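Next come two complexes, and both contain chain A; in the first it sits with chain B, in the second with chain C.
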Partner chain A sequence: MSQDRVVVTGVGVVTPLGCDPEMLWARLLNGETASQTWPDLLAEGFPVHRACRVTEGALEPDPTRRGRALTRIAVRAALSDSGLSPTGRTGVYVGTTMGESGVFEAIAEGAELRIDEGVGSVFANEVASTLRIEGPLRTYGTACAAGNYALGAAAAAIRSGAVDAAVAGGVEPFSRIAMLGFARSRAMSPDLCRPFDQDRTGMQLGEAAAFLVLEPERQALSRGAEALAVVAGFGLSGDAFHPTAPREDGSGMAAAMRACLAGSRLSDIGWVCAHGTGTVRSDAAEANALHAVFGDSPPPVSSLKGALGHSMGAATAVQAAVAVLALRRRVLPPNANLVCVDKTLELDVVSESRAAPALEGVLSCGYSFGGLNSALLLGAP
Partner chain B sequence: MTAYVADARSWRSPRLQRADEAVSAWAAETLSGIGSGAEALCVATLDSGAWESVHFWKTGLASGLAFANPRPFPWTLANSPTGRIAQSLSVRGPTFTIVGRADALTAALDHALLELASGRARRVLVAALDGITLEETRLAAVLLVDVKGTENLAIVATDSRPPWSAIVVHDTASETLAAVINRLEAAEFVAVGNDRDGWFEFRPDR
Partner chain C sequence: MLEVLRYELHEVNPEIPRDLPEDRELIVELGIDSLDVVEFVARLEYRFRFVVPTDEWQQLATLDAIAAYALSHLE
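== the complex of A and B ==
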């Protein structure tokens, strides 16, 4: 068992606001949103036509391989940023919600594809085969918390000595199945997603991939790699309450946060990168959880989902990537599309980019259908 | 790491048309008998949510997207059975849904033993399920505990590669775990795993 700290040495992203971290960061600080109306969704008869989709980068035109392409691009970028050459003891840890959704859609439309070409494990297999990685391959199908699961599991595997390094994160290609499901469930905003706003009307679907390279600090230092951040905590809990709704008091979310923060000083947490889907109930439950954990004055809070949409299995991995950038620059990105904060939540929602010179820790949260809650703590190196 | 198998069962059920009905029935009628008191849940599956995704899209196209029935949508997600089982068993600790073939079972066992070793849980239910809405639904589960008891079925431990004669190899997690349970019921030494993810051996303890 290694007592060495687990550090982040590389970040790779593919998002609707940019396919490199610097571009993404600049556009987040500007308060931009990738939300737009899509003619194809309108033509196909979707009840909601707005979404945040990736439009740049060398994307795979075949929709049944889109998620694998997003994965390859983000993983290669993370490894390039890190300078790490994967060895036989490098693990691959991937979170996803819908898997390669285009395969399921194609099968439903009559294509002769095998169902296992669409299940979530195809992404880790793709990384292993293209990069010839021989270490453990793990796929966490834990919906909107999946990226956190992958990152937390990777850090634990490094601490236990099971692997020497890991590529960990999440991926979610645009899913028509999810677009239909959320729209027909009336969970989606017809215009912009406005997390923590008093007039928030729902979520917006996104797509993304984000991967981080994790390794023991001593190994990173010995090969001359820069530690960008420390994986300082990870916590999980279950609501055991409802198939889709969270506990209104946020007690399940709070349990994951407390498990994550055990051993850390609450005063070191300078920003919460919130789940913040923009739905009335989920944002309210998350606010309750933050008050239960931090008391009357939780740290400043932003959600990235107004800017990027909800990329489900990739969402918490994107949050982790942005948390690393925030720790590096000691700046908090704003909660895009905020017009008038919901005062009943009693949160300090970041409305414009804000300098945070003393930022030492970022709590990144994600919760999934079925009440599966996660929290990840990233610290300054 | 070491833990103990307190109980183990496997089931095969005929085709169940709807995933929510299938999983609710298992949770209430079968898993409750083995998973009572579980504080964490590790589920391994290859296709949970996959066939439901195909069905949801097909019926949505047939009805017209504007009129699609949203009720089955949550079951297109791989983790929905995990959430439903956790709700039924009141599991408020960590819950994992690991997607893959037999390697997903190895990962689930790994997470279960880590939860026990860390003290975060004292009883962990490891379940494997596949083919939820296919012709035959397969489910197998073992309850792992952190203390040796007089009625424990087996000791489970991580190990280097065991002898080939002990290794159970099947395609899916549910088939593999069911085979493990069969061997344990015959009081045989059995092992699962692979060189990527590690090995787990089960030694009869009765």
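== the complex of A and C ==
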């Protein structure tokens, strides 16, 4: 066992608000949202036509390969940022909800494709084959907590000595199956996603890929790489409750947060990058969980989902990337689209970008259908 | 119409009683699982060939409201 800390040395993102961390950060601080109405969804008769999709960058035009393209761009950017040369002891850890869902959609329309082209493991395979990474490959299909699962597993593998470094994160190409499924389950907002707002009307679908390079601090120092953040904690729990609804009291979410924060001082947590999907129930349960863990005055909270939509398996990976940026600059990005905060939640929701000169720790949370709860703690190096 | 609605709701989940009061909110007051209500309305959409837009969904809280909606949207 290595007692070395696990640090983040590289960040790569592909999001609806930019494919470069600096661009993404600037637009998040502006309070921008990528939400828009899409003519193709309107023409195809989807009940909800708004979503946040990636529009910039030279994306693969074939929708059955879109997720692999997002993955390649984000992983290459993360490795370039880190300066790490992957070896046979570099692991690849990927979280995703739907996998390469364009493949399933094409097959449903009669295309002659192999169904295993669509499963989640294609992303790690793509990274391995195109970037010649020869270490272990792991895929987590743990829905909207999958990015955190991948990051936590990668950090644990580094700590155990199983790998020397890891590329870890999540990817979710835009999914028509999810677009219809969430609309039919009445979980989607017909206009904007407004997490923690008193008039919130639901979630909005996004797409993204985000990957971090993780390695032991000593190795990073010895090769002259800068530690951008420390992976300081990780916690998981299961609600064992309902196919979609969270426990109303947030007790499952709180259990994941407590497991993540064990050994840390609560006063070091200066920002919660919340799951905050903008549904009535999920936001309320998350507020209950934060009060259960932090008491009367939880740290400031923002959700990125008003700005970026919900990129499911990629969402917590994007949050981790933004948490690293926030720790570097000691600024909290706002909770986009907030008009009137829901006072019953009793949370300090960040309505405009806010300086946080003493920011030492960011708690990034993601919960999924089926009650999979996850929390990741990133600290200043 | 109310009889049809009660039948469809019971088909979604046989544990839901057939004698629910029509003027109480299904989810908030009667504690019906929200996923069951979603499936229930989806079955009505299929049966009566109408589509409930997302921004009108929140108003369909009681059996009375759903019956009125269905009657006014019959082809």
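Just so we're on the same page, the second predicted complex is superposed on the first by the 381 of 381 C-alpha atoms of A that agree within 3 Å, B and C clash if a C-alpha of one lies under 4 Å from a C-alpha of the other, contacts with A are read in each partner's own complex, and residues count from 1 in each chain.
Everything that follows uses one rule, which is that contacts are C-beta pairs under 8 Å (C-beta built on N, C-alpha and C of every residue); 3 or more make two chains touch, one makes a residue touch a chain.
Remember, predicted model here, so these are calculated numbers, not experimental data.
After overlaying the two complexes on the shared chain, residue contacts for A:R184 are found with chain B and with chain C alike.
In the superposed pair of complexes, A:A162 makes contact with chain B only, with no contact to chain C. Of the two partner chains placed by the overlay, only chain C lies in contact with A:A245; chain B stays clear of it. In the superposition on chain A, A:Y149 makes contact with chain B only, while chain C stays out of contact range.
Contacts of A:P47 after superposition: both chain B and chain C are touched. In the superposed model, A:A255 lies in contact with chain B only, and not with chain C.
In the superposition on chain A, A:P136 makes contact with chain B only, not with chain C. Shared-chain residue A:I107: touches chain B; no touch with chain C. In the superposition on chain A, A:G118 makes contact with chain B only, not with chain C. Comparing chain C and chain B on the residues of chain A they touch gives the larger count to B. Residues 47, 184-186, 242-244 of chain A touch chain B in one complex and chain C in the other. Chain C contributes residues 33-35, 38, 41-42, 51, 53-55, 57-58 to its touches with chain A in the complex.
Chain A makes touch with chain B in their complex at residues 44-47, 96-99, 101, 104-105, 107-109, 115-116, 118-121, 134-143, 149, 153, 156, 160, 162, 176-178, 180-182, 184-186, 236-244, 252, 255, 259, 368-372.
The touching residues of chain A, counted against chain C in their complex, run 47-48, 183-186, 188-190, 201-202, 242-245, 281. On chain B, the positions that touch chain A within their shared complex are 20, 41, 45-51, 53-58, 60-61, 64-66, 68-70, 73-74, 76-80, 82-84, 86-87, 89-101, 103-104, 107, 111, 114, 120, 196-198.
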